[in-house]
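Labels run A, B, C and D following the written order; every chain starts at residue 1.
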C-alpha cells in the first residue's frame, strides 16, 4: 500500500523496480545472443522486496544475497553498467569479471560477495551482524534468501546463532513458491520440501520476531523492514520476514515467458493473446504493474509520467548493455591475481 | 510409574538398569587403572531411558546411538563381556577392538555402528527407517542422542526428512541438562545453547508427534515409547521424545563423583557424609534407586531380593571385566583388514 | 558396438542396475545430468519413479539417509548434483560412510554410490566448479571411480556395487555428449587403469574429462609424428600404479592432465609414484597440468587460461619429446 | 631463550595477538587444547572473556559467522576443537572463505584463522582423528599453517594475520606438552620451511607432530652415525619446495613423515617435487611414511602399528643410507 510512503520515496522506489525489470529483461536478451556465461537467476516478480527493504537500510548496513542477487544489487544502488558488465564477465564489472552472476557484489555499497550455495550466506550474515553488535554500532545486516534455503541445516544454525545473541539481522526469506500447493514429499526447485508448514514457525520457536508480507505490496515490505530495522538497532534482535510472491511464471531459464513488460499494461490492462494464460499474474502479482497502478490511483503519477520514467529507465539499461558489450574481457593474466602476492 | 508394567517386565528392566550402572562403574574403575583407551561417556543417571525404550522394540528394529552408547548397547541385550572387551580395545570385543567406546556396535542385534559425531547419527537413522518403509516392513528405527545434537543442522535436516515421508523413527532426545537454568549465550557441554526453549517445539512445527518424559520414571518412558512405536508401525510417522534427566552430578570424566551406588540406599536413604551435597539427586533423580523404591513400595521385591539381584549383576560385571582383561589385544595385522581385499 | 554418447551409456547403466536388482534406489532428484540434459534423464526417472526419492535441498541429511538405507539392505545411488554440493554432506561422505565397515570389524556394510557432476563446467564460477576427488582420496575406506568412456560406465558401476563398498562416482558435466563406441557391459576390475591408446613416445595420463582432453591431444600429437600412449585411470581409489609404471617404463615421459588444484592433487599422487615404485623410469621431468591455485573465475578468457586445455597437453608432450 | 612447552607458547601467542589488536576475537569455546589442557587455556579465556563467543555445537554456523565477522572488520580466531569437526563446516571453510577475496577482485578480505587440533590423538578412533590438511591444500585461496615449535607459533600467527588471508591453523593435540626453546616473536615469512637440524646423509621432512618424530629419529640416527637433516614445512600452503630441494641436493635421500592417508597427501606433494623442480636430485627412492589407508582404529596396538612412528622413520633412513 502506497499511502505510507512519500511521493518522492514512492517514485524513486518505482524507478528502481522498473530498472530491475528492464535489467533482467536485458539479461535474458543477452543470453539469447549467447553473451551470458553460465546460467543465471532473474528477479522478475520479486522487485518490491529488494527495493522495499533496501529503502530503509542505512549506508553502513550490510546486505547479503544468493544466486538470485541482480535485483538486490540494483536496489542497493549498484551501477547497472558495472553490474551488467560483471554478468558478462567483462573487465569493467564490479569484480573484473571474476564473480559473474552467481556472486554479485558491490563492496563499496557494503554488499560483499553473494554466495551461490543455497543457505551458505546465512551464517555469514550473522557474522557481519555480530561485528556491529560487538562494536555497539547501530547497524544491521540484511540477508536475502529463498524458501529453499530453509531446507538446509545451515539456515537453522544461523537462525539459532542470531537468536542466542540477539544479533541485528534482517532475515528476508523470499518465498517465490507461495502459490504452490504444499504437498510434502514432492521435490523440485519450486515446490517446498519443508515440513514446517508456515516458514515463520521455526523463527518463532526461537523467539525471533516474525512477519509475513505480500511481495507485490511495496508499502507492506517497506513498513515491515522499517519495523524490523528499528527493532534490530535498538537491541531487540533479529526479525524473520517471509515475503511471499507468486513464482514468476517464466521460471524456465532463460526464457522470458511473460514477454517484455509493457508499462501501459498498468492502465490499459490489455493482455496480448499470447500471454492470456498469465492474465491473473499481470493483474495481481506483478509488483511493477501493481505499484504503477497504485500510483496512478492515488494520483502520484499520470500515465504519461509512467511512460516517461520507463523511457528513461530503458535508456539507462540500454547504455548499461552497450557499456558492457563494448567493454573488454579481462586480460588473461588477471586470472592469477588476488590470491597470492604476485 | 511402575503399575503399568508386569512384575516380570519390571524386574527384568531393573536388572538391566543395574547392569548398566555397574558396567559404567567398572569402566570408571578401569579408567583409573589406565586401562581404557581414549575418553568415554557413561550412562549413569539415564538408565531408565535406554531400558524403557528398548523394552518395547522388536528384534528387527534398528537402534542407533552416539558417543554415549554403553547403556543403549546393554539395554538392547549386548553381551557385557564383548562390550567391555571392546571398550578396552581387545580382540574379543564386538568389533575386535577397532571401534572402542565411541563407536559401540552389536550388529547381530541390529545395533550398527554408533557415531561419535554430534548429530551425525540422525540422518543415518532416517535411512534405516526409510528402508523399512520402502519394504513395507513393520519395524522402526530408534535413535538416541543428546540435547546438544539439536544445535547441529544435521538434526534439523533429519527431522525434516522423517516428517516429509512419515518415516518410522523414534527420535529419543536425552536431555541430561534439564535442570540447568537456560541462559542463552552461555555455552559449554552441559548448558544448552539452543534458542528453542522447549526442544519439542521444533518437531511440533514439523508436525511430528512429540512427548516429554521424566527420565527417572521407567514406566513413563516405557509407555511413551510403546505409543511411539505403535504410531510408527501403523504409518503415523515419527515421534520426538524428549526424555529429561538431571545431569549425572559426576559429569567430570572419568570421576565417579557420586561414588559407587549402594543399592541399600533405596531403603536406608542414608547418604554418606561425603555425598551429602548430592542428597537430592539420590532421592529424586537416580533412576536405579527410583525404580528400586517403586518396586519396594508396591511389593514386587523385598530389600533382600534387591541385594540378591545386585550381587548377581555385580558378579556378571566382574566376569565381564575379567574376561575383557584376560582377552588379548588384537593382532597388529588385523589393523589392515576390513577395508580392501587382503 | 555402436556409437552412443557417454550420457546415454550412463543412463542405461544406471537403469540396468535398477532393473537387475530391485534394492537399488535413487536418493536426490538432481539426476545424472545438468539442466540441459534433463530430457535425457527423464525416461529413467519415469521408469523408476517409485524408487526415486526427491529430496529437500539437504545434502547432509539425504547423504546420511542413503548411508542408513544402505546399512539396512538397500543399494542407494545418491545424486548430489553439482560436485560442490558434496561439501555440504562432507561429514557423512568422509567421516561416516568410509569408517563403518572397518570400525565394525567388517560386520556392517555400506553399499552405496554417491554421484556428482564435478569439475569445471564452464562459467560455473568458484562455488559450482569444485573438484573434490583429491580430497576424497584422503578418505580411507571410500572407493572413488571416474568412468570417462561409454564402454566403461556399466562395468565400473557393477564392480562398485559388487564390492559392497561405499563409492563416490566422479562424473563430469561436460562428458555427457561425448560420442564414443559402446562395447561395455561386464563388471570391470576396480583399481585397474586402461591403456586407451597405445604409443611409445610419451605417456599421457588422464581421467574423466581430462581423459577426453588427453585423447584429443594424442590425435594432434600423432599429426606431429609423436606417438602418445594414453592412460585412463578409471578408478582413483584404488589407483593403479602398475599400469602407469609399465607405460612410463616404455616412454620415459609423462604428462598428467588433472582439473584439480595443484597441491596434493590426483596429479601429485600419480607423479609421486615415480619417486618410489617407478623410481628411475622418467627420462625427463614429469609435466603436471592442473588448474592453478586460484578459485575458478567466471569470465571465459580467465577460465580458459587456467584450464588444462588440449593445447597445453600437446605443448607439454612436445617439449618432453623434443 | 627459555624452555617452555609448545602449549604455553601457543597460549601466549594468541594472547599477544589479542592484546595487540582489539579486533581479534575468539569464536567457539573449544579452546586451544584438549580436555587435559583446559587448565592451561583458562587464563587466556579469563583475560579475554568478553571477546570470546562460546558457541553452540554448530560448526557450520559459527565458522560462517567468523567469515562474516572478518568481512566486517574483526579478526576472528575460530576454534573448531577436534580436527574432524572441521568437516561439519567444510562448505564455509573450503567453498566460502577461500573464494571471497579472489571472486570480489580483491575487494573483500576475509582475515580469519580457523584453529583445530587435528591428527591422531591416540585412541580417538576413526571419527576423532582426522587429518584434513591435505584436503585443505586442495582449497585454493586458503592458507594452511602448521607451527610445530614454540619458537615459531607467534611468528606464523602474526604473519597469517598480517596477510589478511583466510588461514587454517593445523595444530596437533600431542604437541601441547612438547618442551622446546622459545626464542620466537617476530613475524615469519609464510611459505618458508625451516631447516631445524643440519645434516648431510638424509633429509627428513615433517610438520606438526611428525616434525617432533623426525627430530627424535634424527637423534637416534646420530647414534648410528647417520647425519640427518630435518626440515619443518611450517606452512603447507604455500609449500616451500626450494628448501626441500636444497637439502636433497645435498643428501640425495628423502624420508617424509606424514600422518595423512597415503594418497594425495602432504607426503605425495612433497615427493612429487622430485619429478619436476627437483628432478634428478634423489639418489634413492623417496620413503613416505603415512598412516596406511584404513580408518583409525581405537585399539592401541592397532593404532601404533599404523602410525608413522619414530622407529619407522629411523629404519627408512637407515635403509636409504646403507
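The criterion applied here is as follows: a residue touches a chain if its C-beta (ideal position, glycine included) is under 8 Å from a C-beta of that chain, and two chains touch if they have at least 3 such contacts.
Computed from a predicted model, the values in this text were never measured in an experiment.
Enquirer: Where each step is a move between two chains that touch, what is the least number of such steps from chain A to chain D?
Expert: 1
Enquirer: Which two chains meet at the most C-beta pairs?
Expert: Looking at every pair of chains, the most contacts join C-D.
Enquirer: What is the chain whose Cα centre is as far as it gets from that of chain C?
Expert: Centroid comparison gives B as the farthest chain from chain C.
Enquirer: Measure off the straight-line distance from the CA centroid of chain C to the CA centroid of chain D, and report it in whole Å.
Expert: Using C-alpha averages as centres, the distance is 30 Å.
Enquirer: Can you work out the whole-Å distance between the CA centroids of chain B and chain C?
Expert: 42
Enquirer: Whole-Å distance, chain B centre to chain D centre, using C-alpha means?
Expert: Going by mean C-alpha positions, chain B sits 37 Å from chain D.
Enquirer: Could you list which residues of chain A touch at least two other chains?
Expert: Each of 96, 98-99, 103, 115, 117, 120, 151-154, 157, 160, 164-165, 185, 193-194, 338-340 in chain A touches at least two other chains.
Enquirer: Which chain C residues touch at least two other chains?
Expert: If we look for residues of chain C contacting two or more partner chains, we find 55-56, 58, 60-61, 84, 88, 91, 95-96, 99, 102-103, 125-127, 140-141, 292-295, 297.
Enquirer: Based on which chains are in contact, what kind of graph results: line, ring, star, complete or other?
Expert: complete
Enquirer: Okay, in this complex, where on chain C does chain B touch?
Expert: Listed in rising order, the residues of chain C that touch chain B are 25, 53, 55-56, 58, 60-74, 76, 91-92, 95-96, 99-108, 140-141, 238.
Enquirer: Inside the complex, what are the residues of chain B that reach chain A?
Expert: Residue list for chain B touching chain A: 151-157, 159-160, 163-165, 184-185, 193-197, 201-202, 204-208.
Enquirer: Can you name the residues of chain C that touch chain A in the complex?
Expert: 29, 35, 54-58, 60-61, 84-85, 88, 122-128, 292-295, 297-306
Enquirer: Can you list the residues on chain B that touch chain D in the complex?
Expert: Touching chain D from chain B are residues 37-39, 89-90, 96-103, 115-120, 148-149, 151-154, 185-188, 193-194, 253, 329-330, 332-336, 338-340.
Enquirer: Chain D touches which residues of chain C in the complex?
Expert: Within the complex, chain C touches chain D at residues 84, 87-88, 90-91, 94-96, 98-99, 102-103, 125-127, 130-132, 134-135, 137-141, 236-237, 239, 254, 260-261, 263-269, 271-272, 274-277, 279, 282, 284-288, 292-295, 297.
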